[in-house]
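Below is one structure. I have some questions about it.
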Amino acid sequence: MYSDKYSSVTDAIAKVTRGSRVMVGSFGMAGYPGALIEALADSGIGDLTIISNDLGAPGVGLGRLLSNNQIRGLIGTYYNWNPEVATAYNEGRISVKLVPQGTFAEAIRAAGVGIPAFFTPTAAGTQLAEGKETRRFDDRPCVLEEAIHADVALIKAYKADELGNLVYYKTARNFNPVMAMAADLVIAEVDEIVPSGSLDPECVITPHIYVDVLTMKGN
Amino acid sequence: MQTISEQEAKERIARTIARHFDQEAEAGRLFINLGVGIPTMVANYVTSPRIYVQAENGMLGVGCAAPEDRQDHDLINAGRACVTETPGCSYLDSAASFGMIRGGHVDATVIGAFEVDQDANIANWIIPNGKQLGVGGAMDLVSGAREVVIAMQHLSKTGKSKLVRKCSLPITGIGEADMVVTEYAVFVFEHNQLILRETAPEITLEELRSITEADFIVP
Amino acid sequence: MYSDKYSSVTDAIAKVTRGSRVMVGSFGMAGYPGALIEALADSGIGDLTIISNDLGAPGVGLGRLLSNNQIRGLIGTYYNWNPEVATAYNEGRISVKLVPQGTFAEAIRAAGVGIPAFFTPTAAGTQLAEGKETRRFDDRPCVLEEAIHADVALIKAYKADELGNLVYYKTARNFNPVMAMAADLVIAEVDEIVPSGSLDPECVITPHIYVDVLTMKGN
Amino acid sequence: MQTISEQEAKERIARTIARHFDQEAEAGRLFINLGVGIPTMVANYVTSPRIYVQAENGMLGVGCAAPEDRQDHDLINAGRACVTETPGCSYLDSAASFGMIRGGHVDATVIGAFEVDQDANIANWIIPNGKQLGVGGAMDLVSGAREVVIAMQHLSKTGKSKLVRKCSLPITGIGEADMVVTEYAVFVFEHNQLILRETAPEITLEELRSITEADFIVP
């Protein structure tokens, strides 16, 4: 199926430049834009800030970017699945900003919907709130968190229509829809492209306004 | 004091919490979120059909673990285990899923902990030894869920009480614990006090005090 | 189709008490819980604060509540379609708090997802930002807006399943899904109740965790 | 100076804006939001297939007005007019719809105005005469859309210039106007200056200055 947004994986990744802030959808290996990540690792583009829930496993998927020394900084929630992250951080090779997972998701959505900052009760009084403004609402301490925006988002969806409307598959949805709203350039890896009008308008999760490039594995 | 095997301890903790939820569900539907480890085992013992499991990676109505021949790696829970669907389940993006949690719609979360102190503070996200770098949804869950149930063995691997006077590890949330279930006892926090609710048959109150650092009230 | 959440319209409205803050879904007459509003008007319950985009037309729908003197206060965005609102306000019979429509939607969502307040560029420097904290982000003035919560939400959906999962119909969706998250008691008027499992889990808009009561017109 | 009928004036304004959008859409897809009145008429004159209309009440891909025999009162635009679907359209709740606007994803909004001043301030939401009480999405649209196009007749009903030195009515947004299209001229705001871009054939520059209170630059 033809789409004017369609691009090869290689051409799509060529739009990522050295020093970019790159969001990547996934939770572990679910909803993971595998072909795009492989191409990004193959490209050797460096000095990246990767914004993702986790960093896969050592040398696998997003983990490859770390093994390749392509990463300058990480913003995310959970790196225990990839112990190389703690090692690189301890050795001063990368910066790491840990964010509670719900705050991370909400801050990415906030960037997408034009909310520069919000208060949340999550993390109040903990180490992760240090240096952040705290204010009471309904007598509950809340932390001011700022939106998280990226230059590029690499996301994984199940189907796209020709226009670029997206639907997802089960728990592969995770961070992908919010990341689709929060980056200047959004590249979606999909399994299939279907004709416009064949996705139910009630069930479109990411409207095509958010999607810049469509790509598919093996193309 | 009779000792209990680790496996037996874990199963007992899970059964005790499952019984608590079955009782709560008599009044109506109960929505629960289960952490990794003992908390996940709770699902094996609940019997009420009115209990629904939420997974923070984006699913409401999580079913049992997927049999080995029917695993879908895009249908996982937050512990990355392959799960199944239940009738009426639904999928959510991460912002919507944590919105459900932060908004107070999830009735209870069951989580493990390194330490819980007598002021209901929980430490369960990091041991500052440089080997871990992750918070995941822990802070969101303890501050968002209406009831926070701690499922943990009474003593650490080195034989120390995990119910302490004051957390020595970085905390996950201030005063968020509502119930602590160990293999030897059930405690609840009420009016800023730690209260003993149940004791296992093989332990005397004196023995319980001797293995518990935190002060607790016996009603 | 049987649902344990099912109630007659009259019984459902009996849960609304004098002085309640009541959210009502709709944009004009689209997505409007007509039977519930008629029953609320018939009930004569007074001293209400109505949180809705608009107030229908004079003497029609939500407009009836004003003609009946059931309203103490309004929080909403656009009352030009019902000039009786301006009259009642000018005569000091009701209070009116005008909120920009996008801020209104976001503030209701915020209540649902446990965000007590957020900054938005909307309305900065205008009359509707008077008395509100303003702060610059990226050199753009932004206004601090607080979440809008209600005691009861009366919403309109298209179909519910037996559990209470909801889907909507075209632009009748509007404020209904966010209101479903933001009230202590959520009453949904639906056209049809279908068996659990017959709604696509990928397309459920309001998961059943948010819905307390289901009702249908003419029952 | 030749006079133009009101109908002719409105059509000319709408045609001028449509031509502007057709040109912009040559570079790629263009997402626009159209206010009530003249702005809605713009849709009748655009010819590019790459222009998509967003309605803030919750729809992307709004089609033409619904023929009288095929009206669905749950398929409306923000002016409550019955509309139609286009292939690839999708529905949104109000928070998602305004998130799309506030987040800067909508390329342009066309709105009417009571006054626009030479500092790009817009007054279009209220005339403080006590008869109106509504803001709707006006403030969200002017602050959120990337380009704000004002579609208004040059003079008020009483013959006064609507392009003023300083707004006398409550403003909708500070410095948000990007283009002003009247039946006599097209102006743009660039580097904090109001610049004349086009003049209608039946008016001289001198005549334009005489009916325009605001100072403007002729390049």
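In order of appearance the chains are A, B, C and D, and numbering begins at 1 in each one.
The working rule: a contact is a pair of C-beta atoms (placed from the backbone, for glycine too) under 8 Å apart; a residue touches a chain by one contact, two chains touch by 3 or more.
Keep in mind that this is a model prediction, so the values were computed, not measured.
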| item | value |
| --- | --- |
| Cα-centroid distance, chain B relative to chain C, in whole angstrom | 35 |
| Whole-Å separation of chain centres (CA-atom averages), chain A against chain C | 33 |
| Distance between the centres, which are taken as Cα means, of chain B and chain A, whole angstrom | 29 |
| Where chain C touches two or more other chains at once, by residue number | 106, 109, 113-115, 120-121, 168-170, 201-202, 205 |
| Of all residues in chain B, the ones touching two or more other chains | 91-92, 95, 98-99, 101-102, 144 |
| Chain contact topology (line, ring, star, complete or other) | other |
| Chain pairs that touch, as defined at the top of this document | A-B, A-C, A-D, B-C, C-D |
| Chain A partner contacts - residues on chain D that touch it in the complex | 31, 52, 54, 60-61, 85, 87-92, 95-96, 98-106, 144 |
| Chain D to chain C touching residues, read off their complex | 55-59, 72-78, 80, 91-95, 97-99, 101-102, 130-140, 143-144, 170-174 |
| Chain C residues touching chain B - in the complex, by the definition given at the top | 109, 111-115, 161-163, 165, 181, 196-197, 199, 201-202, 204, 207-210 |
| Residues of chain C touching chain D in the complex | 27-31, 53-54, 77-81, 83, 85-86, 89-90, 96, 98-106, 108-109, 120-128, 141, 168-178, 205 |
| Contacting residues of chain C [partner chain A, same complex] | 106, 110, 113-121, 137-138, 140, 142, 146, 167-170, 200-203, 205 |
